[in-house]
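Before anything else, here is the set of structures, which you'll find just below.
Presented sequentially are two complexes of chain A, the first with chain B as partner and the second with chain C.
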Partner chain A sequence: MSAPAKLPRWADLALLPAVSLGAALLLSAALVAVLGENPATALRLLFTGAFGSGDAVGYTLYYATNFIFTGLGVAVAYHAGLFNIGAEGQAYVGGLGVSLVCLAAGGWPAWVVLPLAVAAGAAFGAAWAFIPAWLQARRGSHVVITTIMFNFIASALMTYLLVNVLIKPGQQSPESREFGANAVLPAVHELLATVGLKVAPSPLNLAFLLALAAGGLVWVLLWRTRWGYRLRVAGANPEAAVYAGIRPGRVTIGAMLLSGALAGGLGLNELMGAQHRLTLDFPGGAGFVGIAVALMGRNQPVGISAAAVLFGALYQGGSQLAFDLPRINRDFVVVIQGLVILFCGALENVWRGPLARLLATRRGDQGGA
Partner chain B sequence: MNAAPPAPVPALELRGIDKRFGPVHANRAVSFAVRAGTVHGLIGENGAGKSTLMNIVYGLQPPDAGAIFVHGREVRLRHPHEALAAGIGMVHQHFMLVDTFTVLENLLLGDPDAQHVATGRAAAREKWARLAGEQGLEVPLDAVVGELPVGVQQRVEILKALGRKAEILILDEPTAVLTPAEATQLFHLLARLRAQGKTVLLVTHKLREIMAVTDRGTVMRQGAVVAELDTARTSPPELAEKMVGRSVLLRVEKGPSRPGKVLLEAAQLAVADDRGVPRVKGVSFQVRAGEIVGIAGVAGNGQSALLEALAGIRAPTAGTIRIAGQADLGADPAQRRRLGLSHVPEDRLRIGVVTAFAAEDNLILGQQERPEFSRRGLLDRRALTENCRRAMAEYDLRPPDPRLRLGAFSGGNQQKLVLAREIEAGPRVLLVGQPTRGVDIGAIEFIHRRLVALRDAGKAVLLVSVELDEILGLADRILVMAGGEIMGELPRAEATEEKLGLLMAGVRTEGGA
Partner chain C sequence: METYTIIVLLLAATIRVATPLLLAALAGLFSERAGVIDLGLEGKMLGAAFAAAAVSAVTGSAWLGLGAAILTGAALALLIGFACITHRGNQVVAGMAVTIMVVGLAPSLALAWFGLGGQTPQLAAAGQRFTALPWPWADAARETPFPGLLYAELLGGHNLVVYLAAALVPASAWVLYRTRFGMRLRAVGENPHAVESAGVPVNALRYRAVLISGVLCGVAGAYLSTAANAGFVRDMTAGKGYLALAALIFGKWRPGPTLGACLLFAFTDAAAARMQGVALPLVGVVPVQFILALPYVLTVLLLAGFVGRAVPPKALGMPYAKER
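After this line comes the complex of A and B, so read on.
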């Protein structure tokens, strides 16, 4: 008879995350006070650092772009009942695909390079997800384990390639040579300048729009196609899927391919949009942040985009915080992110019950149920 | 039954028990008394509030309001051990036994006399053996529980409760897992307990049990007590009417069947479960167009594996299945559906629906590839909603909201949705497992009508049910399964409960498969 507390949809999607976020920030503020800094100042710096100026917003959205790609990837796998911990490695290898196209681009026009780079990033990311997917579908090896292992393999592979093969000749640091001008994504401030709008320069680039488009694509694929229907049935009730003539193995492979392809989009933003070369460890943990983003965004594209902006803001505002306040360093910013993940993910059900009761009594007072 | 003389102090009395779960008012000021030394029936449909009430009496849930009196003394029950201390014992529908322990070890669990297992074992054995002898509850103390028939497991549960000095014994749907013979034994046992002065509260939705074994009955509907009656002065139709709130047909009227050509055929079919244990052992039968073939049997005798194999969910280990003349079928549910097979699974919550999805999305499960549900490569949401609205009107699904999450519907409505989906798919062959499990009496009549209508439209229906009444009411031919084999086949006209009961117990007669 005792079901978990049910919240109305709006409360589940907006109120609950807001309460969780508030609690996480409150605890962070307390820790700031313990460190001997003023919590109010810290919170203000965190906020203005993320949204206080044009370039701050640009950086926030630039980070958010990475998280949208990886968050979508994690979410697609989640809907198929799979926990893809390998977005980091898939993004890394996806970036290799992007880079190979960009390095080979020579004198190709930009409108040829971009679709090729998108396709290569997606294909390489998907390929990296395929092996764990196949092992799960045909051999029953759990993707949680195999995708983690594939993160390490990706890291070793890319280090080898950068140190021995792709490194720009005659330099020490393991980076490729710079992409040609036809193989970089235009920055948003450059695009806006062409129509006469002046905004402060930031690494925010066209990939942000690609990420939003990917979100739309994921929504259509999952909720408006038969393929998405089969995927969600298999994720929500694998036995019902078999009953309905759906092959869970195929769903597993298909979902992981899409998941890896989406994670591969990270290279578009990070390499083609910002760094303009292939660098060592460029995903920088975005694949793992994507798990938190998907969790917090309820595995829905709109929620993921919102959560990605939140984490982008924490990244960007956190850097500002660490820069301005001497007693707070980058590690503390990671602590704040950890608290947000803890409260929004793991501790969410702590608030769910009280909130449901509060809302229920309020509605009861108004005489309707 | 000779009712005990009205005692001045009832063994158990509930006064004004009230319980809400959010908007659901599960118990509405429930008051009734159970006379000492009687067998008292608590009857009502699923969702009438019986289980909630019993959970309150057994201390599993606190009531919002009301009081409980045991032998005239008010008790506060906040935990099962307080209920046990007050002399209330409970045998749950799903036994609370450790399958891998022996009977004795199970009896020792939570036994206050057996704190030191090593030293107390011999004493405990003597105590329980004596108790079992006194109560006429023969149980093999050293057998592993998981290897015992369910009827014996149930005796262990009852013995466990009596060993805790329970004076009031609550049995929750005790016959759900028993053969008719085991049920009769149970009823004898209950009568013996009554003779010893124990009080029994029998919770059930089966009219025949109330009639067979109780002295008095309390009928619940929608959380409230709607009637108190003397069993001797009531009848099954009256009980059903009180339960449902309107008069119901207990048996659907149907004409003679007109069997046509064979649409479903199994030949020497053998099926094993996930662990490789053979569940179906060389079963052969045919189902023709225009007939309902019933498979009777106690739950767990291979019916589930048989249905899964026929539906293509489980690959048989030997034998063939032929649907509409086509053989060489792989374990491929999608292919079965293309051949015109529909399947209402036994365990619909586990495999037949996705509770997290909206009703309209559940209504295309298994039919998601049909062109009428898509437009230009995308799912046609409007067609899905329209499809669901139509089914909801036709099958009286409530609430009629296509976008509502399926888990928010009652069990009966979920079952009707599955039935609607599988019948509206226009099957040639329909497999139905336990079509009315967990369904209200009112809806049972409706579901039975639909199945008969399908038969009359010239479809082949294979009905698997553990409810003998259902088999007898619907089937034109009856096969009885026991131990993974078909023990015999009877035309409906020759089938009696006694004959079927013998076959269900595994006693083979001539004419067996």
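After this line comes the complex of A and C, so read on.
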């Protein structure tokens, strides 16, 4: 088998995603023109909508928080050679864990509720990832298919629980009752107001810092521990891993547990931080955005955080776009998302060969001179 | 008599729900038997549903709509082929990407072209939809419930696409197991290197397989928007592509069993609509969500080997690079 062309590390980590992203955005601009709007206007609106004011930046980072959690989840599984399409379902069930703690927290102090909610979100998300992981490790069924199935099963389960069990009595819409004041994460604008800084109000909350911390934790676990080393070896070369005494089944289960736990963090931001109650379908596709974010961020925590901010900007700026341009609606953000996944994930070999040749000839010229 | 009528109508509903599932599952069957994972079923079907409704709304012809749907399905399939076959990209990612792109693009185009907030105009005029075929003596047959009702509602009372889908099951089996093309196609999904050494180009075969998948998804999409419904609405596939994938796996990648799986899944869907709040003997009221989740649970159990065993084609998901 002819291996795909080798690129230097910097080109693989930065240049290739940049070129892929550029191609995706260029095609998106062309589609804006097809829809009958001016691409330059659209880009300007997108940018001002995402970064033009204090509350816009707040919203952008609030969306980004969701995508950091799910992106990290997808990335951890990816390093173990697993494609976790189930971040959506894991986030959904993780949110159940967060909500159960928040709903049970009668008069508990906030500093007790928060760690319990973090633990419950992670545990529930991990538990939902455990079954597909165990089935792959011990029964040989493929995690891609089972996690897709588990997304649908999670959706059915959560609809049942919300409609029949957790719904606030005497209410039509399937939502739980509101969490107590001790069981919500403080918003960033409130925190800054206590030290005298005035920032525009937005749903950006403490979960953003938790997401960044989760990124740091993933970096340490994957690149600075023996466990992470084993995980990456098993992902890069499963056969060599077996000869090195690594048990692939254990790696599969461990990686998926961490992956699901990270996706479970979504509930902290979305429910505990913003909506303050458990709602129907609150992940709203963030699990799938996580795939795009992980692919674009090269499965590295720093890259994922950057890609998450970019997608946060797309989501926030996209609503501005839909508001100001009559021929474009919020769905267009999903088009860009799909194109980014297509170009960064499935079509990157299109550029890899030409880029490798280009860099090789340049280096060749310098060597000759 | 009351129960009898309910059962016949339930079975008739099952057939209507099963049709798009079956078309999409057969589409996936061709692609996956050639070794290309087909996670794009949902997207190809949704894109085709939009194309069919849009063209039918503008031209007034359901047949032109069907043509546009087939072209759309084929074009999206070629895009997946370009990424996965020519450039050996990740097949799972390519299918996901196309699906997500179409989920956004279809309502975007609908808004820009029709200005109706992400859907196409209602297809009300004659000829804009595939309606139930006139079946001889159907009304007379209803007078005598048995076997008249079976004749009028189960055998008759459907549109052309339903019969086409049914005919495609033996046709697919014949192509896959009795023709040279079908045998090569299956061989490519098991051991592409052996096929290449026999002098048959692997990539050309895989392209043909994904193209067939695109065409069948096109028909499935047209069924959704111009036969089962009267127009395109946002997310109208609603996971049917993934359910078809589950049916394909449940049918162990073979046409006959896949038909059985589609009918079973469609029956749970049709039954769920009627089981709302109905108490069953022994178990009591079964929540409708549990019935809807049943196909996915069954597929997971099958994949795990708890009920039978599903063995995927050996080269499924592996990009093929020609040896030099």
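Here is the rule we go by: the second predicted complex is superposed on the first by the 364 of 369 C-alpha atoms of A that agree within 3 Å, B and C clash if a C-alpha of one lies under 4 Å from a C-alpha of the other, contacts with A are read in each partner's own complex, and residues count from 1 in each chain.
Note that contacts are C-beta pairs under 8 Å (C-beta built on N, C-alpha and C of every residue); 3 or more make two chains touch, one makes a residue touch a chain.
Keep in mind the model is a prediction, meaning the values are calculated, not measured.
If you put the two complexes together on chain A, you find that chain B and chain C both fit without a clash.
For chain A, the partner touching the most residues, choosing from chain B and chain C, is C. Looking at the shared chain after the overlay, A:Ser141 reaches chain C, while chain B stays out of its contact range. The superposed model places chain B and chain C at 80 degrees from each other around the C-alpha centre of chain A, with the value given to the nearest 10. By the touch criterion defined above, A:Leu339 reaches chain C but does not reach chain B. Of the two partner chains placed around the shared chain by superposition, chain C is the only one that A:Asn329 touches, whereas chain B remains out of contact.
When both complexes are overlaid on chain A, the residue A:Tyr229 reaches chain B alone and has no touch with chain C. Put simply, chain B and chain C get as close as 5 Å, counting only Cα atoms, in the superposed view. 1-2 are the residues of chain A that lie in the contact sets of both chain B and chain C, per the superposition on chain A. Residues 37, 39, 82-84, 87-90, 92-94, 96-105, 107-109, 111-112, 117-118, 234, 239, 242, 245-246, 249, 287, 289-290, 292-293, 296-297, 299-300, 303-306, 312, 321, 323-324 of chain C touch chain A in their complex. Partner chain C is touched in their complex by these residues of chain A: 1-2, 4, 31, 34-36, 83, 85, 132, 135, 139-142, 144-146, 148-150, 152-153, 156-157, 159-160, 163-164, 288, 291, 295, 327-329, 331-339, 341-342, 345-350. Put simply, chain A touches chain B in their complex at residues 1-2, 6, 220, 224-226, 229-230, 232-233, 236-237, 239-240, 242-246, 360, 369.
Remark: chain B residues 21-23, 26, 51-52, 55, 61, 311-313, 332-337, 343, 345, 350-357, 361, 364-366, 368-369, 374, 377-379, 381 touch chain A in the complex.
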